[in-house]
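This is the structure, below, for whatever I ask next.
Labels for the chains are A, B, C, D and E, by order of writing; each one numbers its residues from 1.
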Amino acid sequence: EADLRMTWYNDGNESEAMQALLDKFEKQNPDISVTLDVVPYKAILESLPVQLAAGDGPDIARVTDLGGLSKYYLDMTPYLENADYWRENFGPFLKWLDPDGDQISGFMTQLTVTGPYVNKTLFEQAGVAMPGEGATWDDWAKAVNEVAAKLDIPIPMAWDRSGHRVSGPAIAMGAKMFDDDGNPALVDDGLKSMATKLYDWHQDGTMAKELWGSVSGSTYLGANEDFANAQVVMYMSGSWQIPQFADKIGDAFDWWAVPAPCGTAACTGMPGGAALVAMKDSDHPEEVAKLMDFLAQEENLAEFYGKNLFIPGHLGLATGGVDFATDDPRAKHALETFANAVPGISPTAFDLQGYANNRVMFNALISRLGEAIVGELTLDQAFDRMTQDVEKQLAEKERGN
Amino acid sequence: MADATAHRRTIGTLLTARRGRGKLHWTDIFTYLYLAFGILLMFGPVVWLVLSSFKTPAGLLEFPPTLLPLGQISAEVEGYDKPLPIFRATLEDGTEMELAQVRRIGIVSQMVDPANPDQTYKVPISNRTPVREFRIASENYTEPLRKFNFGGYLWNSIIVTVVATAITLLINSMAAYGLSIYEFKGRNAIMIFVIGTLMIPITVILVPVYLVVTSLDMVNSLWAVILPGAATPTGVFLLRQYMLTLPRDLIEAARMDRASEWQIYWRVVLPLALPAIAVLAIFSIMWRWNDFLWPLIVLNRSEVYTLQLGLNAFQGELDVQWHYILAMTVVTLIPVVVVFGFLQRFITTGIASSGMK
Amino acid sequence: MTQIDLKAVRKSYGTVEVIHGIDLSVNSGEFVVFVGPSGCGKSTLLRIIAGLEDITSGTVEIDRSVVNTIPASDRGLAMVFQSYALYPHMTVYKNMAFGLENSKMPKAEIDTKVRKAAEMLQITDYLDRRPKALSGGQRQRVAIGRAIVRDPKAFLFDEPLSNLDAELRVTMRKELAALHAEIGGTMIYVTHDQTEAMTLADKIVVLQGGVVEQVGKPLDLYNNPQNAFVAGFIGSPRMNLVQATAEEDGEGIALVAKGTRVSLPPIQGIKPGDTVTYGIRPEHILLTDAPNSSDAIAEVFLSEQLGGETYLYCKVDGIEQLTIHQPGQLPIENGETLHLRFDRAQMHLFDANGKVITNGVQT
Amino acid sequence: MTQIDLKAVRKSYGTVEVIHGIDLSVNSGEFVVFVGPSGCGKSTLLRIIAGLEDITSGTVEIDRSVVNTIPASDRGLAMVFQSYALYPHMTVYKNMAFGLENSKMPKAEIDTKVRKAAEMLQITDYLDRRPKALSGGQRQRVAIGRAIVRDPKAFLFDEPLSNLDAELRVTMRKELAALHAEIGGTMIYVTHDQTEAMTLADKIVVLQGGVVEQVGKPLDLYNNPQNAFVAGFIGSPRMNLVQATAEEDGEGIALVAKGTRVSLPPIQGIKPGDTVTYGIRPEHILLTDAPNSSDAIAEVFLSEQLGGETYLYCKVDGIEQLTIHQPGQLPIENGETLHLRFDRAQMHLFDANGKVITNGVQT
Amino acid sequence: MSPKPSKTASEQLQAIAAWPLQMFFRLLDIPLRGIQKMGGIGSMPYVFLLPNLAFFGMFVIIPLFINFGFSLTGGTNLFLQDRVYVGGEQYSFLFKCENYMVSATCQEDRFWKGIFNTAIFVLFQVTFLVIFSLITAIILNRKIRARGFFRAVFFFPVLLSPVVVALIWKWILLRDGILNAFLVSLGLDKILFFVSPEWAMFWAVFVSIWAHMGFYTLILLAGLQAIPPDLYEAAEMDGTSKERVFWRITLPLLWPNMLVVIVLALIKGVQIFDEVYVLTGGGPGTATQFIVQYIYNTGFTNQVQNFGLASASSVVLGVVLFVLTMLQLAATRRRNNG
């Protein structure tokens, strides 16, 4: 007899699919009941760590700070019937959840890949050819500027204001993110070249300051509204936008996911996503493991990913393919594009995603870069501050541990 | 120069305006202009919010925005399964027609005449505009409300608001009574203390309070939301200032009438402090109902969610769904407006006479 | 029927003593009035009796038992406040019933009592009103009603009429007299008003600066003040008090103040050279046509004709201001010169300390 | 020296007319007092003259020029408010100087004027205090001082003494009289108080319900009221007014109210059967030992001994209450029976409409 | 109010609703009467204060102590006993600056930026808040039709939660919001309000004035109504020009209320957080990032929740506020005496 709590947040409607699975599980295991607590994302980010630290956390939670919270995760290995199934199918992601060990703590509810969308209809209207496979960021910048100029579109290019999003292009332009010892080294020439580009684009109007300039710190801002409203020619975001665009834009224009543009070092986006993890403090680790195991089964995950148009974080399904519940050709194309991008993702990107304190780096990057773009700092000052910020926070974190 | 003095005089008259004597001076006109502008500025945004909350996501994105929520008309056309959206299209020859769109291919839209389904047209998408009518997107409300246990959250919110307000009113009025009616050792110290804590924004002691709540084992119970804010310095301050204005004779009369101190409190002072209590009640209800940051931290189980948490739960990591946000904002506004409607006469007379000086 | 005794009562606020040892007995059924200048401690004394104020030393006894430590609510007295202190949120009925409810009386009994008191005070029609909807006089009656219903051991009144206008005051004063006649309880009444004190009291207590100056029946105080203070305080308009020096004058003495000389027969206790204050009330100064039998020559600087009576304010050599009160309309203009004679039988003489030497000089 | 004339002045608040056409002349240097029951329009009239209230019709003239449209600030009058309306945030000096500063007078001149006025009112010592730190009488003097310094065309007073206690009122009344004697300006004075009206006025204006009932010198009004209202209103305690029926009585007539019969010689304007109200002031009722020459037999239900005078409240057959006022201390107890005689020369007779028939009956 | 003895339905309803309340109070009377008997009236104030002080101690005082404890420690552990004592290190870190006037030269530049921003914000917000509250109060004090309605109009934004206020205005000020639509209809260009630091600060000030003006207006209105009308009449009789009446009578007599308004506004201004956080997110750059937001970010939103530094900042803020408190107390005391 166990009552399990799962803390969950929604980007769209995914709690419904999860609830369906939970209902199924409860039917099979009448002695275990599971309650799904849907919270605002803010709670996952800000409250959950405090609750976990205080020992008041849930049994299972859907988290995005994959490595940062790993000290609270349960190692389910002893409870799993078939740990190998997990290692086989979730191998690379397990590392994200436990960078320093080989615990099995959870699985990805969603794998995301960052990458750009373009408004293909605008290109057609403007009569400008879309840069093809292997085009660089500069090629795209030139093309979208042309389109925007012809059609009087206010924002040629927009990037999510997110450290995670810009890390892809940064790695593409040669950023290493870590030094040879594996310690974080955010600022290097690659990153600088990406940052400089971004900075220049904001100055020359390729990008609008609204996104990067209008909030402070690490606040996330997206341009999905503007993109959906055909105000943006190219929008650098990620795979998670697909269901939304399918819903909001529909066939109003052709929104097209394109492969990650290239830099000097690679043509890569960032992997990412949210994981469902089991918590160490749970009173019912066995039942938790049982539930997790159930959810992780291929047929259940397939149902879940399919319903929500999520790129599977399950290697078997990734190769086998998931039957996505959409008949929108644009959505289908986008899903394909992103799924195909996974193999091409740079190992640095994987390492960065797997690094427990990556959010410290992301935040430093984005907040300081934002300040530079609005002119509060020069780029050089911003780079210095980034380094300092990361150092300071990591030092604070080291204290007492 | 003459202008300047005239101007000065009139500003003078405006600023000292006293009940006029029949004649309509232009300061009166200015007054009403100011008031009209005031209505626009104070009410306008809220009206705009309410109107916007009934718009579809597409309607929200539109620029320039329309005043009223509009929806595109669609029509059943013979030979097509789904209703087709209607556009006003300008054909190549310059004629305008209302056509239904079958599909859009690239920048060209394929359309039919609903009256004559066999006739199809090809129209560049720049030559058509959607035909719309007034339509309320009630799904902005029903959708998010459907997604969670609205009744349960509402109930929790009501419990929290009512119980917390009751406790707040009770203990604050008791404290204010003690501080205003009696002279005793330490009264000034306590008063300074109360005023001092008036200055502390709760945001900065969130974590320490959380630790206290944890050690009391109240996490995930409504008490965790109810109790911490119950002893508001503002409330004590407000009520005390008001009670100080009550005539002492009344208290002594009650003592002569053999009332116990507790009876004096609840049968004499409490009813007389009603205006101030109403004001505090309004503030308390408002605080509790709108409270978000604190419940977010101490409540993480859906059975104890308050409405604010529930309504915000659809705010994901990556998506700002304005249509839901606006609609849910309106939902949370409703009770406040209702309370305001009931108690506004207390607010408008209450604070004025509650000695907030 | 209740007896109240104060014995050597003292009261200090902080280090300031405001009641300097007062002994006083209020007999059962008596109507006692406290008068005295503002700030002399009238209210304080009343509140001490009520139990609203602690005393610093001495004892307060009610019916011979010491009540020093018994709180106001248990002393069984009733008080009518100057402000009436009606509970504004309760109806008249509730106001009157409140005290009874506190002593857990059954509802039916409360109702009987309230209605009886209301009838007596003729406020039955207003029982459902709030105090706000009552006139000043009606409020006053409610305040009294609230006291009556409880059958208190004694009634305490603190200037209950002082907020009313002159007309109403006269009416209410009469009603209070009638009330005392009817229920006959022990009553202690504080007032500033001469007329109230004179007309209502069985016994007047004159206070000054926290001590009792004199206690007595109203006319006693009027006719036989024991010191200059009481003489000046009781009676309106005030008694004329003239500081003079005693001189030999034939067989008797003369009281001389500058150019004004009042010849008197010999009086025990006055010898030439003494400083003596003599007092003569405005109504006891006679206008005389015989200049040689006059005591003083006065110049009228203000003549106030009230129709039914006349006040004359005069300057007399050696006397700053002399007030004369005469019935009827006197055709006297400002500036006129009058010859005055002081009615010897009504003259009061005080020694240098203000203590009375004689009230009325026998001729 | 200023003459003020009101001609057919009417004033309505909304649809309610509160001043019903008043004609009135206030002569230069005159001290005019407005009296009348509460709500009769005294204050309104004063404020109309001041210019604080617009009129609905008629004209207000100051020194023969119409000022209807001239705002208060330009009429050159000064007003002393019942509440004094001293500026609480200014010192006494500033309070007095404020009006002068408004007219851009040089500082030195202001200073001279303020100090002169302050000296006259004996408030020089308080010039640096705020009004809060003054006693009632001092405040009143400041209020007057504020008016004086400006050398106004006329002074308007709205019940300036009503907030003071009885003692102070008497003093201030005398000071006001002295002030008028000294500066001699035109003054209009509103009061409720009999004594103030009688003693201060050159001319009393009796108002009732927005119309003038009578205008005249104080003693004129007292002795010769033109109607029952004025008769009842002027004089304190009030005149006893008795409604009676005229009957034949030998050569003359008798006024009969139930068992009380007052025989009079024949009087022009009264014939048997008429309803007549006769008035007799409390001080004009004589106590007589001769039962057969008495007009009424009275039972005293309340005897008030004030020391210097005595009030007797009596029941008489046909008269609900008869008040008697006698000087001195009468040894009369409650319940005693008295034989009364009404002084014919002081009786006032009014017809059924209240209009006077005769003031004083010749015998 | 009605002289009718019979109770109306709503009164009966009220009576029914009041019954349990009455029972509650009546039952409590029994033990409390006992306490009064035993301890005397002198003990009652403590009884009345006890519950409030208990809550207060529990949820305000203890947390304040913990908070202070945090400020002397480092690391990310939540429980005080697990944290590393670092003494004044957090404070000295906060105050490590080359030039206190230039926030960019400070180690913790955002803390100083927050302080400067807050100071600027408070300066403008308080100034205009007071001015507009005053004008509004004066206008509402005039004899106008539907005065009650207008009072409600100006007061009701006070009832909205800061988040709602910010959302409403954000929705209006967006690039495609109604205000820009209005500008475009006037033939002007759209303004990106949240991209320009000046505009962002302007709107932060504006919106917070919009939301709070009603409250202060009411305080001033109470003050205006407390000025006896006969003072105005006296001034009129004194031949005072309207303008002089305002400066010499109205304003000085309103001053005590103005003082309350200024001090309260000052304190609330320093505490500004929610509404601006939602409205501008602290941007552009850090142009509208205020001190409380800095504390919140440092202790809460950052991945490394730095309670130590956040607490140290809040202690510094507390000291600043304490000075303001003392200012208010001194001011009220002066008013009471003067």
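Rule of thumb we're sticking to: a residue touches a chain if its C-beta (ideal position, glycine included) is under 8 Å from a C-beta of that chain, and two chains touch if they have at least 3 such contacts.
Here is each chain with its UniProt name: B = sn-glycerol-3-phosphate transport system permease protein UgpE; C, D = Maltose/maltodextrin import ATP-binding protein MalK; E = Lactose transport system permease protein LacF.
Because the structure is a prediction, the values reported are computed rather than measured.
**Student:** Where centres are the averaged C-alpha coordinates, which chain has the largest centre distance to chain D?
**Tutor:** Taking each chain's C-alpha mean as its centre, the farthest from chain D is A.
**Student:** Looking only at C-beta pairs that count as contacts, which pair of chains has more of them, D-E or A-E?
**Tutor:** A-E
**Student:** If I average the Cα coordinates per chain and compare with the overall Cα mean, which chain comes out closest?
**Tutor:** Answer by centroid distance: E.
**Student:** I'd like the Å distance between the centres of chain A and chain E, where a centre is the mean of that chain's Cα atoms.
**Tutor:** 39
**Student:** Quick one: report the Å distance separating chain C from chain D, using the average Cα coordinate of each chain.
**Tutor:** The mean C-alpha positions of chain C and chain D differ by 28 Å.
**Student:** Where the CA atoms of chain A average out and where those of chain B average out, how many Å apart are those spots?
**Tutor:** A distance of 34 Å separates the two centres.
**Student:** Can you work out the whole-Å distance between the CA centroids of chain B and chain E?
**Tutor:** Each chain reduced to its C-alpha mean, chain B and chain E end up 17 Å apart.
**Student:** Please set out, as single numbers or ranges, the residues of chain A touching at least two other chains.
**Tutor:** In chain A, 46, 50, 54, 229 touch at least two other chains.
**Student:** Multi-chain contacts only, two chains or more: what residues does chain B have there?
**Tutor:** Residue numbers touching two or more other chains: 61-63, 207, 211, 260, 263, 267, 322.
**Student:** Where on chain C is chain B touching in the complex?
**Tutor:** Touch list, chain C to chain B: 47, 50, 52, 71-74, 77-79, 81-83, 85-89, 98-99, 102-103, 146, 150.
**Student:** So in the complex, the part of chain C that touches chain D is made up of which residues?
**Tutor:** Where chain C meets chain D, its residues are 165-166, 170, 174, 177-178, 192-195, 198-199, 218-219, 222-223, 234-237, 281-283, 302, 304-309, 311, 313, 325, 327-329.
**Student:** Which stretch or stretches of chain E touch chain B in the complex?
**Tutor:** 25, 28-29, 32-33, 36, 41-42, 44-49, 51-53, 55-56, 58-60, 62-67, 70, 78-80, 135-136, 138-139, 141-144, 148, 150-157, 159-161, 163-164, 167-169, 171-172, 176-178, 180-181, 184-185, 210, 215, 218-219, 221-223, 225, 229, 232, 241-246, 249-250, 256-257, 260, 267, 271, 273-274, 292, 295-296, 299-300, 307, 310, 313-314, 317-318, 321-322, 324-325, 328-329
**Student:** Under the definition above, what is the set of chain A residues touching chain B in their complex?
**Tutor:** 5, 7, 9-13, 15-16, 35-44, 46-48, 50-51, 54-58, 64, 121, 124-125, 220, 222, 224-225, 228-229, 238, 240-241, 244, 248, 251-252, 254, 274
**Student:** Could you list, by residue number, the parts of chain A that touch chain E in their complex?
**Tutor:** It is residues 45-46, 49-50, 53-54, 65, 68, 208-210, 213-219, 221, 229, 357, 359-360, 363, 370-371, 373-377, 381, 385, 393-394, 396-397, 399-401 of chain A that touch chain E.
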